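The next part holds the structures, each set out as structure tokens.
Paired with chain B in one complex and with chain C in the other, chain A is shared by the two complexes that follow.
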Partner chain A sequence: MKRTASRLAYTVIVLFVSSIAVFYAIRLSGGDATAAALPGSATEEFREEFRDRLGLNEPIYQQYFTYMGRILSGDPGNSLTNNKALTDMLTEHGRNSLILGGTAFGLVFLVGIPLGILASLRRNSWADQGIMSLSTVAMAVPNFWLALLAVWLFASTLGWLPSAGCCGTKQLILPAVVLAFEGIALTVRMTRSAMIESQNSDYVRTLRAGGLSEWRITCKHVLRNALIPIISLAGLRIGQIVGYALIVETIFGWPGLGQVLVNAVLRRDYPVAQFFSLVLVALVVLGNWLADTGYTIANPRLRKST
Partner chain B sequence: MTELDATRSSHAQAWDERVAAYENEARANPWRKKLREFNRNKLLFTGSVLGILIVGLGLIGPLIIGSDYAGQSLRNTHLPPLSEGYLLGTDQYGRDLLVRLCIGIRVSLFVAAAVTSMALVVGMALGMCGGFLGGAVDRAVRSVTDFIWGFPLILVAVLLAGGLGQGLFPVILAVGIVNVAAITRVVRGEVVVLRAREFVEAARACGISRFRIMWRHLLPNVMAPALVLASYYVAVAIIAEAGLSFIGLGAQPPLPSLGKMVADGRGFLRINHWESTVPGIGIAGLVLSVSLIGDGLRDVFDPQLRHEAKGVEKG
Partner chain C sequence: MNATAVESRSGEVPSGLDRSPLLEIEDLRISIASDGSSFEVVKGVALTVCENEIVCLVGESGCGKSMTALSVMGLLPRGIAKVTGGRIAFEGRSLLSLQKRELRRLRADSISMIFQDPITSLDPVFPIGSVLEEVIRSHRDVSRAEAREIAVRALMEAELPDAADRLDSYPHQLSGGMRQRVMIALAIALDPKLLIADEPTTALDVTVQAQILENLRARQREREMGMLLITHDLAVVASVADRVAVMYAGEIVEEAPVDELFSDPQHPYTQGLIRSLPDISVSKGSLHSIPGRVPPPQVPPPGCLFAPRCEHALDLCWEASPELSRDGAKSLRCYNAQPFEIG
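Entry: the complex of A and B
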């Protein structure tokens, strides 16, 4: 209990510190915030007035508190380039991101765990060798290059799937698979080694000696013990997916949070960049916290100590 | 479960779990160890040959064929490889792909070198101070590294690019910061183990200053694991730079970066896919060679394996 509470406190502190870090990082460029919104011919006085209106001339710590207050009251402001309300953008693009990220997240476990189990049950067979070599390659290939190969093969050459766009099932397949690829490889490896570790442990030997069928041992005992840590750490995959989504969404033109953030950074649209950085950072911190909590629940030893 | 373990981030625990799982796997399967012995030199050899070829191409190539990476020739756009005068063909502006590939390799190598030297110097200094001095210094080092370690590299880089603008510098800084955290964590862990060893105690008993103990006695001992880890993070740096340049945040035109070249050629896959695949092969080759060298180095230097071989108890 104490551990859970202290982790919660730690998470809140991390959220607070990272919100300050994000705020300062993006505001470093505050000086030319006017460049995105105003035409090049705008006079210096007009720019100054514009900065005043946005509150960019106040001391930065004051800006931080004003800004956080506005976010908490549900009005983070508008985009500088197209004047859209950020909350509208969040719901619109957040939905797309949720579809893509959720599919990738599901793929990581629905594909990764069965493959890992298969590899561990048929250890050193051709299936195991194949799965393991593929996962080694998958972890070494940069995902944007993988995306490109996939587009070249499935879209340009074979013409089976569209190369980009939103938001039908057909358009979803390529980005979701590319986004999930490294996670799948990692899950396969973790599952396989956890299963093998579990199969070699003393209690399994005892069960075998007791005459339980191999099938029963695997399903009831080995699987359970091997999968609990993997599933309980699922939160860590959220962070990974958020990171890669920045690249994958941009490549496939999938209008999600990642693409919005990258475009905002490229166009120096700082309210958008700031708000969506905060959203993504909060997601990652939340994922880490979930993983930590899940891990604590799955490990009675951690629950008791400290 | 000590207090130390309990306060570490979930990320760190997940990582440790993975490492433990790999080690168990290696122990449970003696063939794997034999295979590693056999592969040891082969990995290093293949990786080095590939690496020397690519690095040589990047460093020496421009001296022979010139380094005019921005020169356009609008009559000769989208030429396939082996065209007259252009060994690897040209891109959408008729720029020589071979020259751009060479310069792109240079950019990748420059970023990797900058990031890795920053990560090694700062990471080792922080890790040794934290692990050896303990107390408040250690707590500060640990909380900062755990904080950074919790965020995905790409997100950190995009945030820094948001603040500092696009270009190679924010990329180097972002990848560097994350790699510093990675090296610090490992070096700190090593030093905490080393600190309790007899030779450190003996040095202390002789009245040697703490700084000198760190410099002369601990540094040589953490060098090997730090270098092995650094070789792995060279690959991470190359991939990250390419990925960030790909989405437009890294190297700015006309300076070629392998990732940016892949992105530029993306629109012309049907016309001349080599504009994308050539730099892509360059990235894959670089990453592969660095990973092979890293794996080879790990097999040679891995303290775990070495201790096992000599039958020495670890710690």
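Entry: the complex of A and C
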């Protein structure tokens, strides 16, 4: 419990620091905000007044506090390009991203763990070697390249699946698999090595000496021990999925947070860029905290100190 | 341990072999395969353990004691070591030809084993009670409550303090000595006939070592178990053994009832070991240790494996390997045994 609480405090601090970092980064690299919102013919006075209205002429630290105050009070503002409320955008696109990211996250573990177990149980068999070679390849292939390959093969050539769109199951498959690919490969390897390490451990030898069946030992004890390192890396997987979502959502035209963020940056729509960067960072940080909590629960040595 | 203790073990129990044998190992050979090469680490070991007797297996690190013990349980590390020859029989049944299932039934129920490192030997993610229960219920058709009862009784016999309150403890909440007591409880819970203890106290605090050993011995006596105790501590041997087998480089070089082994060791290696006991040598003003090193198992020399370190080696010793020859309760593998002189 103590660990969970201290982790929570740590998470809040990380959130705070990263919000400052994101705020400054976007503000300083955003260029002229008026270029996005106003037509090219707008006069300089009009632009100046516009900046004033948005508070852009205040000192930047003051802007930060004003801005965070607004976010915390539930009104982060509107898009510069289409004047949509950011909160509405968050619900709409957030939902899409949650579907895609959640599916990918599920795939990472629901596919990765069983494959890893299979490889560990059939060590050095053709199945093991096949799975391991595939995972090596999967880790080496860049995400965007995989996305393009998938579109070319399954959409353009075979015509099995749509190349882009939202938000049915058919449209979901390709981006979710691409998003999960590297995570699956990493989880397979992690699972396999954790299973093998546990199989060779002294405590498994004790259980064998106790006359338990191999099946029982594997399903209960080996697996349960192997889950600890796997869960400990779940936070990393979340970060990876959020990061890759920018690319994958853009390529597959999946209208999630990542796509919105990329478009906002391209259009210099800084309120959107800023807000959604913050949202994604918060997602990663909170995801890590959740994963850490899971790790603490899975590992009796951390649960309580005696 | 002092010199008087070495002498004080009187033959309160008649030295083995006149009772019915529980475990009989004959000409056991175990090979290790690593990086493509394969070599023998146990070279024709013969060993018998009878009911109600403690046989100690001694020898320096790496001589093959653990491999011998693990092979009895069928627990040699997979893909690394395997039995390549010989016979292991428990109550007359060959263990090497048993089905996996039958062997599993014997484990913990008839033959138990305690390992050297109690810190790593217990599953860290389950409470000790649940593992005990699981082992008990995999052999006996009892309810969970009954299994818990058996578990508590075993923990109490292993002298774990507050045994009944410890069932829900995780291994990390227990000290090394307490964990070894849990291992003992696991080993004796089902009343096995044979207990193999592989250096059960080596990893523990000196203060705990004697208590654990005392406990093991008490349980062995009251249950009349046969016990194979592996150690490289001659003081331990002197205090608990009925019979002693001395192992060197994968072979048994000498075997004798404990009193005879200490009072009249025959093999030059045994003599060296006994001379190196601190009390005896300190009184002579110098610490005796056996010079030289064990030949590497990958390239064993021809002839007696001890010849490079032996002060009595003959020409013959370098050419031919002596056989283990039996003489009553004693066995010896040596061409040129000399009377024992301290010093």
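A few remarks follow.
As a convention for this text, the second predicted complex is superposed on the first by the 290 of 306 C-alpha atoms of A that agree within 3 Å, B and C clash if a C-alpha of one lies under 4 Å from a C-alpha of the other, contacts with A are read in each partner's own complex, and residues count from 1 in each chain.
Just so it is clear, a contact is a pair of C-beta atoms (placed from the backbone, for glycine too) under 8 Å apart; a residue touches a chain by one contact, two chains touch by 3 or more.
Just so we're clear, the structure is a prediction, and the values are computed from it rather than from any experiment.
Superimposing the complexes on chain A yields a three-chain arrangement in which chain B and chain C fit side by side. When the two complexes are overlaid on their common chain A, residue A:Q62 makes contact with neither chain B nor chain C. In the superposition on chain A, A:R301 contacts both chain B and chain C. Shared-chain residue A:S125: touches no atom of chain B or chain C.
The larger set of touched chain A residues comes from B, when the choice is between chain B and chain C.
With both structures placed on the common chain, the touch criterion links A:N200 to chain B and to chain C. Of the two partner chains, neither chain B nor chain C is touched by A:S133.
Legend: residue contacts after superposition of the two complexes on their common chain; A:G211 is shown touching chain C, with no touch to chain B.
Contacts of A:I228 after superposition on the shared chain: chain C is touched, whereas chain B is not.
The superposed three-chain arrangement places the nearest Cα atoms of chain B and chain C 5 Å from each other.
Common to the chain B and chain C interfaces on chain A are residues 200, 301, 306.
Partner chain A is touched in their complex by these residues of chain C: 73, 75, 77, 100, 104-109, 112-113, 115, 117, 120-126, 131, 134-135, 138-139, 170, 172-173, 183, 186-187. Those residues of chain A lying in contact with chain B across their complex are 3, 14, 17-18, 21-22, 24-29, 140-145, 148-149, 151-152, 156, 189-190, 193-194, 196-197, 200, 229, 233, 235-236, 239-240, 242-244, 246-247, 250-251, 261-262, 264-266, 268, 270, 273-274, 277, 280-281, 284-285, 288-289, 291-292, 295, 301-302, 305-306. Those residues of chain B that touch chain A in the complex are listed here as 1, 3, 6, 9-11, 13-14, 17-18, 21-22, 24-25, 28, 147, 150-155, 158-166, 235, 239, 242-243, 246-249, 259, 262, 266, 269-270, 273, 276-277, 280, 283-284, 287-288, 291.
Only residues 200-214, 216, 221, 224-225, 228, 298-301, 306 of chain A touch chain C when the two sit together in their complex.
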